[in-house]
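Just below sit the structures, each encoded as structure tokens.
Next, two complexes with subunit A in common: one pairs it with subunit B, the other with subunit C.
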Partner chain A sequence: MHSTKLGWLLLAPTLLVLFFFGVLPFIYVLYVSFHQWNPFAVNPDMVFNWAENYRRVVFDAQFLASLGVTAAFVFFAVISELILGYMLAQAFMKDFPGKAIFRTIHTLPLIMAPIIVGSIWKLMTTPSIGILPNLLDNWFGYDLNIGQSAIAAFVTTVIMDIWHWTPLVTLTLIAALVSLPPDPFEQAQIDGANKRQIFWHITLPMIRPAILATVFIRLMDALRTVDEVLMLTGGGPGSATRYVGVHIFKEVFPRTNYGYGSAISVVVLYLTIVACWLLYVGLIAPRNKKA
Partner chain B sequence: MSFAVRLGVSALALSVAAGSAFAQDDEFWAKAGEQFQGVTLRGVTEATPPSNYISDVLAPEFEEKTGIRVEIETTSWDQMYDKAIKDMEAGTGIYDMVYIEQDIVYAYLARDFLVNVTQALEENPDLKAPSFDEADFTTFADYFRGDDGDLYGIPMEAFIKIYLYRTDLFSDPEVQAAYKEKTGKDLAPATTHEDYQAIAEFFTQWGEDHDMDLWGTTAQAHTGHPASWYEYVESVAPTFGVYGWGIDPDNNYAATVENGGAMNSDAAKAALKWWLHMRDIAPPESVQSTWTEVATTFAAGRAAQGLVYGENAAWIASDDTKSRVVGNVGVALPPLQDGVMEAAESGEGYIGYYDGGAFGLPVTSKNRDAALLFLQYIGQESVQPGWAVAAPRITHTATYDDAGVQDMNTELGGYYDMLKDQGRLFAGAPAYPFHAQLREAVAPIFYEILTGSIEPDAGLDQMAEKAEQELTDLGYRQ
Partner chain C sequence: MTIPPDMDEKLDLRDSEPPPPEEEKTGFLPIQTNWFDRLFISVVIWVALSLVWFRFIEPFGPSIWISNAIALAVAVLIITKG
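Presenting the complex of A and B:
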């Protein structure tokens, strides 16, 4: 009994912080989402409008389009980061000359603010001036112009995200790989398993929780990408990179459409939870059941 | 008494009087600052040359004279609005001064975000600086006056979006001969859209033929940033006779032609198609260019002519650490359709964008009185000439006559003369309290026009309908 009380007491500061900075703002956003509220309207006050904002979200072609490009962005970015991150983690498990320096350089993008990342990529991709269009033109005769080509802009935002966040995946997977016991690997080698078999039947199942945690984190992060993309493309060309985060930003801040923007935020949160739940059900739950 | 002696005595008297006045001013600032020791004023503004001058020069000067610390945050245009509006809306009082762009002032006034500076100084005569006088401002200050005629912001920058051209190219005999041969006309800054287009096409071809990084025009045509929409509605459409974004505020804020607006009028459609053609023959970076990149493109010598914000004209024309076209910059009025100049002369229209901004004091400020002092400091006549030379902006009538400004005027090819004599032909943004809201509602359609996903005519029809719908939702259109 005493230990339970002490436990709650020790947890209290964290729970309070979580309540004030997590739960309370969420309740406020939920409350606002049931109102029509634009402070620059003729009536700047909040007016309760039931679920009108949510009805609007369902039929908002701009939002649905942004949801589509976001899904594609998340899919390509997260899958690429996972594969690349795993390969790099495996590489870092071995010794090679200059490993320490390479590992430090590889981690540098992680410590950069997203707005800086967006600025750097903007400089690198500006036609005629940026290094990337020049190199691509000289080497392959390809004219990179992310202000004009929707596909080029989309691919560039995906690559920028991969560049920025792959180190996080690498570091997480290194931690997982380092903690694996050597016995199963030794036994598999004795039994004559090849590298592919060891990967599929031993390594992958054993680091599955770490992979899933990483995917959850990256999925949630990628779904709320704003700064980098806003800086690089502004959501353009047209609406090619107007991901949901950018769409919400533009609705809420410049357009000051607080009520409707809050409703979109709640819907996106719900979709994120559903996506994570589907991942969990599809990848972890069957295993647990089987075990 | 000889003329020389009289001149010498007059000069001596003048310098004694001036010295005495400056000493009195310093005394006022020191005394006024005494009660605010330990106070730190915080301001947020866009990172532009005039704002950088406040941050780098005026704020440290003010600190030295008053002992009041000033922190000016210079950031991007989007972030500046984001931070200022959130602060004033939530009432957090982080900022004691906010930059008010001319086009947003009506929204701020409608929301009662700003302190009435005139009234505040009348109510606190102890804070009134002897060197500050509202009467010193040019008529641009009127944009920052409320319905009561009082000032709600201290004008700190004012400039026109001008037609810049490369004098070295326009006066090159070889270029002139080639242009004459191709068009049958003499090469001179364009006064009509047809001429502007001919010059733009000629130089783009010239650059290609001579393997030069040279194009015929700039274009502020970012495909995801409102800068492109601004260039069209504020700098191009008016030269075709489409004013106030094509919205008629006296006709229930109509935007569509069917309801009496002009956003999708034939003139608007002609303007858009002309501008899109200019975009197509501009440097490739134009589709990612906001106002900043347009200035950089021109300064890099990549365009023969273009519409450039006047705030950048000084460094483009004179700073050889940043510009490759120093000494080769000419200024002219934008090209116009028939009848537009007459409409501007009569006050019924305008020929381009008169941009600018002021520093305002949010009602949420926690250091209102100290901030009032700073606003007066930057609004004094004495600090204006240095500021005007560092960044080409003039907010005080007397600044035009300053010797340094006159020298800069020569270097800028008569830009200040144009601002003084023909500034009245330009206009700021229309007095809409829904500025950003309407822009953000129609801009996505505009971006789709730029990418070619929607045809210009159909796009403008959609924009006009969307504008009316948004204004209805906001309650302005019945």
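Presenting the complex of A and C:
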């Protein structure tokens, strides 16, 4: 059989699944986003309203504020996960007593559903019964109350995300580090390069594609964080942790404003794609020789 | 273990004529792009321009269709010369 035809034949089931579960829902959301549609309102019909929902999105102060806190959340969470994940990956490259059990325990958060992670952190941070407020009060005299302090709530959601997702970064970077050839490192050591030079000039450039893939995955995941935060803080206090995912949830489900919620979803998807594309262009896209 | 003489022939799934590699264009954009990249960049610029227009320019009067016309012109420029 012609290999191109064979290739398409083998890809066909995946492409069909992607089309029905990825492309069609997106087209539907795009279609809904150009309509005024609240099925539980006085007029439950879908009414085409051109780009009115998008016009509303750019003036929605609550949405713009949620974009700001989401950007801060993504920045702190992803950077921390990357640094911690790399350090843990380097630690796992070395042999130490209890390495196997530590690696297993360290990977446990990954297998938990986000809603369970949210529940655990809710229990750990609830004043009077949670272990964290108790320890912080005993050790530092700090009163942790994420229901009252906006900064404490924000920092707690960031730490929860780091706790949940750093193992993913670690595993990805371990895979990248294991696959590196030993020759350049041996040559650099023979030439007298120190650890910092080896990191900046050999390790980092060689694992850059893996780092970028990890950042892409974490960036996309962090931008659509909903359940953990909804469980832990409910988006509060005020709107301190009302990230875009939470904002969309509150717009679509309790208020059943499907048209406007779809428009916000499309804008967030657009911003996610643009952020990933800019990273790609900035870090690995092949340069134009003329430019 | 002996390998049958016609083994290579049976496993060879390569094209008799491999398809030509996709052409990467070098235009005014700072990165190498194919036609789909340029279409993608055009759509990204169109959406960004529309949102900025809604927020900052439309309140003063100019219609969104002006933004669409500009975006279309930019898209043609990027797709043909980018």
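Just so we're on the same page, the second predicted complex is superposed on the first by the 284 of 291 C-alpha atoms of A that agree within 3 Å, B and C clash if a C-alpha of one lies under 4 Å from a C-alpha of the other, contacts with A are read in each partner's own complex, and residues count from 1 in each chain.
Simple rule for what comes next: a contact is a pair of C-beta atoms (placed from the backbone, for glycine too) under 8 Å apart; a residue touches a chain by one contact, two chains touch by 3 or more.
Please read all numbers here as calculations on a predicted model, not as lab measurements.
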{"item": "Touched partner set for A:233, first subunit B, second subunit C, both or neither", "value": "first"}
{"item": "Partner touching more residues of subunit A, whether subunit B or subunit C", "value": "B"}
{"item": "Which superposed partner A:150 touches (first subunit B, second subunit C, both, neither)", "value": "first"}
{"item": "Touched partner set for A:4, first subunit B, second subunit C, both or neither", "value": "second"}
{"item": "Which of subunit B and subunit C A:256 touches, first, second, both or neither", "value": "first"}
{"item": "Touching partner for A:140 - first (subunit B), second (subunit C), both, neither", "value": "neither"}
{"item": "Which superposed partner A:281 touches (first subunit B, second subunit C, both, neither)", "value": "second"}
{"item": "A:96 touches, of subunit B and subunit C: first, second, both or neither?", "value": "neither"}
{"item": "Subunit B versus subunit C as contact partner of A:44, first or second or both or neither", "value": "first"}
{"item": "Subunit B and subunit C contact sites that coincide on subunit A, given as residue numbers", "value": "none"}
{"item": "Of subunit A, residues touching subunit C in the complex", "value": "1-4, 6, 51, 54-55, 57-59, 267, 270, 273-274, 277, 281, 285-291"}
{"item": "For the subunit B and subunit A complex, residues of the former touching the latter", "value": "78, 81-82, 85-86, 89, 107, 110-111, 213, 222-226, 283-288, 293, 302, 433-434, 436-437, 439-441, 444, 447-448, 450-451, 453, 473-476"}
{"item": "In the complex, subunit C residues that touch subunit A", "value": "13-15, 19, 24, 26-32, 40, 44, 47-48, 50-51, 54-55, 58, 64"}
{"item": "Parts of subunit A lying in touch with subunit B, wherever the complex brings them together", "value": "38-44, 62, 122, 126-129, 143, 145-148, 150, 230, 233-242, 250-251, 253-257"}
